[in-house]
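Next up: the structures, one after another.
After this come two complexes, each holding subunit A, first together with subunit B and then together with subunit C.
Take a look at the complex of A and B:
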């Protein structure tokens, strides 16, 4: 049986090669090589540019463990990732449900377009427009004060909530899209069967809909959690003095202080931490799914 | 075996890429690397220079001195003129990034103030590695709407009345030197780092956000979100003159950090003659007066250029006054160890506000 499978796959590989080659060649050139260069850099004392002396070292990795600030930032970034993912589920899942099960035809298309629309604009533009909305004397502040009879002062700019708002806005479409796909695939007759057998709406939701849409929820959560943990642009622009996260420190190493080796080492530690979290979460999530 | 092959591959890629950029680059272009909105990219100045010399100016920008050094290191041969703070000139020369300049080709060089031209930061082994362009201060600037009369002391930044309305630059060296001034120390010889740390720690809750470009600062004032903050003298002048913002420069009694900006020519420049012509144009009195009047600028290192300003011009009257000269401290080069120490302190401060 195993032999047969092996032969079958070997036979399948040869004709498939011309089809696979362009993609893998591109992956090798565009991702694997630069990434291996970065692994190489992360073990160096200095970059070998302009005739500088360099040697191999583990010091860049040791820096993470010897200085408490990197661990503190890592925890802060992981917390940020969890919070943003949670908010994306809270906001995105009901929207996906409505899109998949409630709306039909034209109205579904229109609402769907509204969800995807932010994807068409540049991320930086979106974040800067949030800056205009959130600041004191900004759009939100002015609008609320124009409507409300009493005076309130809204200045969310340069705070932790501002970072959360900006990131949730940027990533919620991923959650809507992945959940929409799995929710749409659920056969309506399963829901009807549950209802006709006496399950309440809530029971149907918990016992039928959520378990069946779990793959979409997990895919969305992973798609959001990973980039948010390493995010640097949103915290830097919206976070102000509280906007220092693991991602911004990595960016500083590359852009501001020209310490590529340390920046590369910090990136790979982040990668390792994220992989460990995903690996630990996998069995739990698989059982839930 | 594996390692040299990888290095060889990286080198090959670098050569390949630079060959490409080279082919795309016309011979008569002058590639300039400078801060954005800092004189060299003024459209009228570029047009005047291009008309007078026939060279074409291509501007590129950086947001920090380290980014500037990164750009020269990683793009050999791309830039012809680079603006380097004198305190970084040493590092650029030691890293073999810039070449000696033949100042006999620069007709305006003779008019540069002797103390600036002869600065040991720009001259190494009797050769000139940087042509002084302008100098200025990292002082305080205030939002005129928030003050009846300008403050005189640096302590204003710590005043609870300005809580959440203070801004400083996201730069470790600038922050630490500012802390040194606030704790009454010499910026180039900080003896008591603990005092600096204590000062900056107590400043953190006052801060609204960190700025990294002039644009950040000006927008904060335009939307009336800040009262006071550290700012560069030329930028404050530009905010007032060009952007008509309610900004005034304050040189506090505790003193200010002074810096000297100079032009250098990268080692692999493809157009040294064009670079020389551009630098000579940048230190020309005619360009300088126009820059100050139209846009606002720091103080020229060319004495004839400063003398060409009106008697009561800020850059001539205030910046040139002996009283100010006594209070300012010029930035000296910083070693890598110091820089790392400053950065560690700055990062710690930023993380602890969480």
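Take a look at the complex of A and C:
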């Protein structure tokens, strides 16, 4: 008992181990070993199952670099990630500002919850709901034709803009959340001081508010950019034939073409890209977190 | 300041627009699930037929039960294991603690496409294969980091002196944990559990790669149905899902709030 009476945190890994082991073993079996297996697997010619012949190869990676298709799709996915992130900033940042600095008290709490709520509901279902809005003869189409004097056909379904709209809808609450947290922390007196010293609204925005809320912007951007680059369900549902991206090609390797080693290599290349992006954002995220 | 007031009203108006953008598609989807036309034709004609026909769809019902079962088991396992790990990370100082904490982020930050395909490869390689067991293994791993982060946040508000006091009064480690620490962190544990349920119940990507035709979850089944073509039945089941998951998150928000205030 005596050693347990020591004040403050107790030292040593031994007493902590029984508590930690189950959780971390589970993470190891279901996350870390699979990720390692994927790397291993990406250097193989075929599945080492059912007596099939296999050998080590660099061919799967060579395929990425020699066939322009994969690199092109990676660029397309990176571009998609960039565009969605920019739209999320343009749409989400002003909303975060209004929430943090204009609304007060209960209405702020309620609206904040309303903005965040969809983010925690089923993403697949929300993407599907856009199909109702965007398709020809859908709600947008019908509503516009009821208002406008001339006949137009809005058929955004199965197009690049449809994918963008769906993804922005999915991820904009993230940007509002991270920007709100940093904007709320900015002392109002800093803004007032800037104003009373003769700075215009625009100058205060660019010189005070945006620099101080930069961690939130970068955190939000990283948290949106990464999953969007790896998205496949959204382009499939809203993009149709135009919705071929890097993520959909990986999906194909696993569920349609059954070239798992190539799929593993493509996944690992994506993982490398994602890790580089997270590493670049990490210092800022740590300060913000 | 007249300009300030105008700008503030513009800001409020903008928020209303954003909420419209966020909720209109969902509302339209829900409305269409009560529309009689199977091709989403207007004018609107009220019906609950699509909900009635959901009950006839054995495949969807089986998948729904799978989803609920997996979410419940995931919640139980990840909450217990997660709370234990959070306690250890809170109570003890040891080398490599920072590493263990950092290891919680890859499962959250790495796109599910990568995690899911990696799990598929590994589970296939070691003989677990695809199916409900594989899905459960994956879901618990995805939920664990969320539980640990949420419970740890709650533990930050706990005063270690309480544990010391109980111990000096003769309580053993088990009694201290069950009577002092656990009741205090309960709001965090409940919030973590609700998070875990939501992570599992809404999970599509990882389940998608780990499911087989007979052993699948509701989102995977919906995805397959969407790719076959849109039907009001999908709207109906989607509407039910979105109502359930939003209600769950409102509940979580309540508990998490209580966690922060007390």
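Following the convention adopted for this analysis, the second predicted complex is superposed on the first by the 245 of 289 C-alpha atoms of A that agree within 3 Å, B and C clash if a C-alpha of one lies under 4 Å from a C-alpha of the other, contacts with A are read in each partner's own complex, and residues count from 1 in each chain.
The rule is simple: contacts are C-beta pairs under 8 Å (C-beta built on N, C-alpha and C of every residue); 3 or more make two chains touch, one makes a residue touch a chain.
Since the structure is predicted, the reported quantities are computational estimates derived from the model, not experimental observations.
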{"item": "Subunit B versus subunit C as contact partner of A:244, first or second or both or neither", "value": "first"}
{"item": "Residues of subunit A touched, compared between subunit B and subunit C (which is higher)", "value": "C"}
{"item": "Contacts of A:73 with subunit B and subunit C, given as first, second, both or neither", "value": "first"}
{"item": "Contacts of A:37 with subunit B and subunit C, given as first, second, both or neither", "value": "both"}
{"item": "Which of subunit B and subunit C A:270 touches, first, second, both or neither", "value": "second"}
{"item": "Which of subunit B and subunit C A:106 touches, first, second, both or neither", "value": "neither"}
{"item": "First (subunit B), second (subunit C), both or neither touched by A:202", "value": "neither"}
{"item": "Subunit B versus subunit C as contact partner of A:169, first or second or both or neither", "value": "second"}
{"item": "Contacts of A:255 with subunit B and subunit C, given as first, second, both or neither", "value": "both"}
{"item": "Partner chain(s) touched by A:158 [first = subunit B, second = subunit C, both, neither]", "value": "first"}
{"item": "Subunit B and subunit C footprints on subunit A, overlapping residues", "value": "33, 37, 47-49, 137-138, 255"}
{"item": "Residues of subunit C touching subunit A in the complex", "value": "8, 11-12, 14-15, 18-19, 21-26, 28-29, 32, 40-42, 81-82, 84-85, 87-89, 91-96, 100, 103, 106-107, 109-115, 117-125, 137-138, 140-141, 144-145, 148, 160, 164, 167-168, 173, 198, 202, 204-205, 208-209, 219, 222-223, 226-227, 230, 234-235, 238, 241-242, 245-246, 248-250, 252-253"}
{"item": "List of subunit A residues in touch with subunit B within their complex", "value": "33, 36-37, 40, 47-52, 67, 69, 72-73, 76, 135-138, 157-158, 240-244, 249, 252, 255-258"}
{"item": "Footprint of subunit C on subunit A - complex, ascending", "value": "1, 4-5, 7-13, 15-17, 19-20, 22-24, 26-27, 29-35, 37-38, 41, 47-49, 91, 94-95, 97-99, 102-103, 111, 113-115, 117-118, 120-126, 128-133, 137-139, 142, 169, 172-173, 226-227, 229-233, 236-237, 247, 250-251, 254-255, 260, 263-264, 267, 270-271, 274, 278"}
{"item": "Subunit B - residues contacting subunit A, complex", "value": "3, 6-7, 9-10, 63-64, 66-67, 69-70, 73-74, 95-97, 171-172, 204, 207-210, 223-225, 339, 343-344, 347-348, 350-351, 353-354"}
